[in-house]
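Shared between the two complexes below is subunit A, which has subunit B as its partner in the first and subunit C in the second.
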Partner chain A sequence: MTVQYSELIQPERVHGSLYTDPSIFAEELERIWYRTWVCVGHVSEVARPGDYVRKNVAAQDVIMTRSADGEVGLLLNRCAHRGNLVCEDRRGNSSSFRCPYHGWTYRNTGELLGYPYNQGYGGKNKLELGLGRVPRVDIYQGFVFASFAAEGPTLKEHLGAAAGELDRLARLSPEGEVELTAGWLRHRAKANWKLLVENETDGYHPQFVHGSVFSVTGSPIGALYSDKSTAVTRDLGGGHSENDLRPEFRRAARPMGWFGTSEARVPDYVAKMRALHGEQAEEILIEGAPHVMVFPNLFIAEISVFTIQPTAVDETVQNVTAVQLKGAPEMNRRLLSQCVGSVGPAGMLLADDSEMYERNQRGMAARRPEWLDIRRGVGRERIDENGFRIGAANDETGMRGFWAHYRGLMEEGAAQ
Partner chain B sequence: MDQWIIASEFAEVAVSLDTDANGPRLRVEDLRGGRVRYLDALELESVVWLSDERVRELLDPSAGRWSDRPADG
Partner chain C sequence: MSSLEPGEIERFLYREARLADEHDYDGWEALWTDDALYWVPAGGPDVDPESQMSVIYDNRSRIRTRISQLKTGKRYSQSPPSNMRRLISNVEVVAVEGTDTVAEANFVLVESRERGTTLWSGRATYRLRRVEDDIRLAYKKVVLVNSAEALSTLAFLI
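For the complex of A and B:
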């Protein structure tokens, strides 16, 4: 029986089975994870020819490589002979990969270089086999995206308005480039991937879930999500959404205020930014970094970058790393330590959130009531000057945008 | 004797400068296979200038250790 997504996804509520039904999960892999654009990593992770890192697109084990001529490519980690994993380490440097099972050897572009005792195959160069390649790879602001569909919207089309948020992150670097070179932590949550996505721009929960952290650290973040806040939640279209805190940051008008630090602590950085941007530097430094969820799996929370990887209907791995700004060593040290403190292994924010996704998943095992409510702020949404739907900072506007896009993808060309 | 280990998940070699002969040479030992090869300055220079195509041929497993023909080295 085909799932009727239009019944399960309604404007103000979504059905619990969307998070628990394995057949829906299987369909999501085909219709979302192996069809649209998914963020895999960043070019700075493979800075030099021969560099490689292992990545995932849902269950697909992917190797991101940089070839001798500098090209970034995505290979599937599966030997063309008998399907063994060609590469085991998380990262390394090698121009070629040798499968441990029977020694077949491949260039890091996927080309088969040879196989032991080649007479069994009639000699050299007799096999037209190579490693699988992800059909489409594209890069935006250094972020590497993969699409398993040979055709479809371009990355630019997929990103739409979310591209501007990646620009906003990159422009914080005195060299205009982000680097994701701090290494990734991998957190496993026993929860459906969509709970993580929804949580990323849910401005309703921080004061409750993170209340203890805010109170010990004296953080002003909680207030940004109060009913008095002028910050907004914006549906950027395409399933992307953001918490736009700029109205509050502009009101405070403190350079680096978004980062909880002051000019005095990062003088070289501020000087470089002023030299580069002139008067516009103030605006850039006041507005800071985005808090954006790029459908379906890239989340940037000001100082941290997350990629979400679904592994089962009720299990998700969340990869996290600190934003590093090229040419800004002072900032980078602070970005790293703040990131570790908030979302590292003992990080307080991520621990809080993980507990919530997992409780959600467990709660949903109970069969009644069947629906999850996403109506918060429906009555007070408005359209901003650029035509985007916005709600208060603690409204569920982003979730509604996510579900509208999700529904479109899940129904598109579906067998009737 | 300073020795460097250059290793990846695919291979592991020990590299050192050998000065026992009349002139210096590079000693390269395959730590998994146990075999040692010495490379003199001219050989090393030639490696630097090898075309990518030739290096690619060297990487073919049937080119040496796992050849159907008796090894030539």
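For the complex of A and C:
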């Protein structure tokens, strides 16, 4: 039976089966994960020629490589002979990959270099085989994206307005570059991937789910999402959304306030930024980092970068690392320390988010009332000066934007 | 005589395990010295915690925050708390340094909560310090056997 996405996804509610039906998950893999642009990592993870690191695009095991001429590529981890894994280590440096099963060897650009006892194939260089390659690879601000569709929107088109948020993150570096060199925590949740995506720019939950840590640390984060907050939730189009906290940061007008610190604590960094940006440095230092969900799997929460990897209809791995700013060692130590305290399996924030995802997944097994409600703030949305739909700090504007784009992709996929 | 007797070490490790298993947060926190370091590496046993992500990398102040959060009753990943028991075995003293004794031990921990039953295991390194008539914990590093894999939520005291 064909799934009618227009019935399951309505303006103010979505059907529970979208999170629990294995056949919908299978369709999502084809129509979203193996079609649109998915973030796999960052160029700084393969800084030198020969560097490689294993990554995933949903269930696809992918090797991100840096070739001798400096190109970043994405190879599928599957020998062209009998389908064995050609790369077992999580990371390393090598100009080639050798399948342990029958010794077939590939260059780190995917071409077949050789196969033992070659007379069985009529001699050397007789086989037109190689490792599979992700058809399209593109990079924006160092973030590496993969698309399994040979044709379709460009990465720039896919990112749309979200590109500006990646720019905003990069400009926090005195050298204009983010580096993801702190390694990744991998956190498994027994929950559908869309619960994670929806939560990332849900400004309604922090005061409740994270009240425990806000109360013991005196963190001001909760107030950013209160009913009195001037922050906004923005539908950036293309399924992307953000919690734009800048109105609150501008109101406070404290350089480094966004990071919960003061300029006196990071004098070298602030001096470098002022030397580089002149008067514009104040705006950058006050407004800080973005809080943006880039469809379908890249989430930047100010100091942390997440990639979301669906592994089953009811299981998702959230990979997370600390933002590191090139040329800012003083900041990087602090960014790492705050990030480690907050995220991952034991993180004082993310462990509780993850608990909610898992309880959510179990709750949805109940047959009534069937629907999940996403109407919060519908009556008070407005269009901002750039034409984007915005809601209050704790409205579900981002979720509605996600679902509109999701529905479009799932319906287009059905038509093909 | 600054070093600890083998029996003394094991009694301490068993007590620390019981306090953690039974969510005796105050009792567990009181074991730590002021220069405490509580570390659960990710991605392997010897990843540099000053430059790389860890599952837990708490100094004394952050241990206090972690415990305070648990005690609010609204740390939902431990509210309700996991039911759990751990076995400690293969205890070996690896160094004696002044008033400190460094010991290692294997553990197997069974955690039960609504998500299901999770088996955790690894090897822990403890730096134990004699402070007057008492023993305190200055350092605990827990290397999970699956530290390189994706982990379930681990919000209890390990």
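Of note:
Criterion: the second predicted complex is superposed on the first by the 411 of 416 C-alpha atoms of A that agree within 3 Å, B and C clash if a C-alpha of one lies under 4 Å from a C-alpha of the other, contacts with A are read in each partner's own complex, and residues count from 1 in each chain.
Quick note on the criterion: a residue touches a chain if its C-beta (ideal position, glycine included) is under 8 Å from a C-beta of that chain, and two chains touch if they have at least 3 such contacts.
The model shown is predicted, which means the values in this text are computed figures rather than measured ones.
Under the clash rule set out above, the superposition-derived model of subunit A with subunit B and subunit C shows the two partners fitting side by side. Of the two partner chains placed by superposition, only subunit C is touched by A:L185; subunit B is not. Of the two partner chains, neither subunit B nor subunit C is touched by A:L155.
Looking at the shared chain after the overlay, A:E358 reaches subunit C, while subunit B stays out of its contact range. Using the contact criterion defined above for the overlaid structures, shared-chain residue A:P345 touches subunit C, although it does not reach subunit B. By the touch criterion defined above, A:Q119 lies against subunit B but remains apart from subunit C after alignment on the C-alpha atoms of chain A. Using the contact criterion defined above for the overlaid structures, shared-chain residue A:G92 touches subunit B, although it does not reach subunit C. Once the two structures are superposed, subunit B and subunit C can be ranked by residues of subunit A touched, with C on top.
Contacts of A:V320 after superposition on the shared chain: subunit C is touched, whereas subunit B is not. Between subunit B and subunit C, the smallest C-alpha to C-alpha distance in the superposed model amounts to 16 Å. Touched by subunit B in one complex and by subunit C in the other is not one residue of subunit A.
The touching residues of subunit A, counted against subunit C in their complex, run 90, 181-190, 209, 211-213, 215-217, 317, 320-322, 333, 336-337, 339-341, 344-346, 348, 351-352, 354-356, 358-359, 362. Residue ranges on subunit A touching subunit B, taken from their complex, read 68, 87-89, 92-98, 103-105, 107, 113-120, 124. By the touch criterion given at the top, residues 40, 42-43, 47, 50-58, 62, 65-66, 68-69, 72-77, 114-116, 148-155, 158 of subunit C touch subunit A in their complex. Across the interface of their complex, subunit A is touched by residues 8-11, 52, 55-56, 59-63, 65-68 of subunit B.
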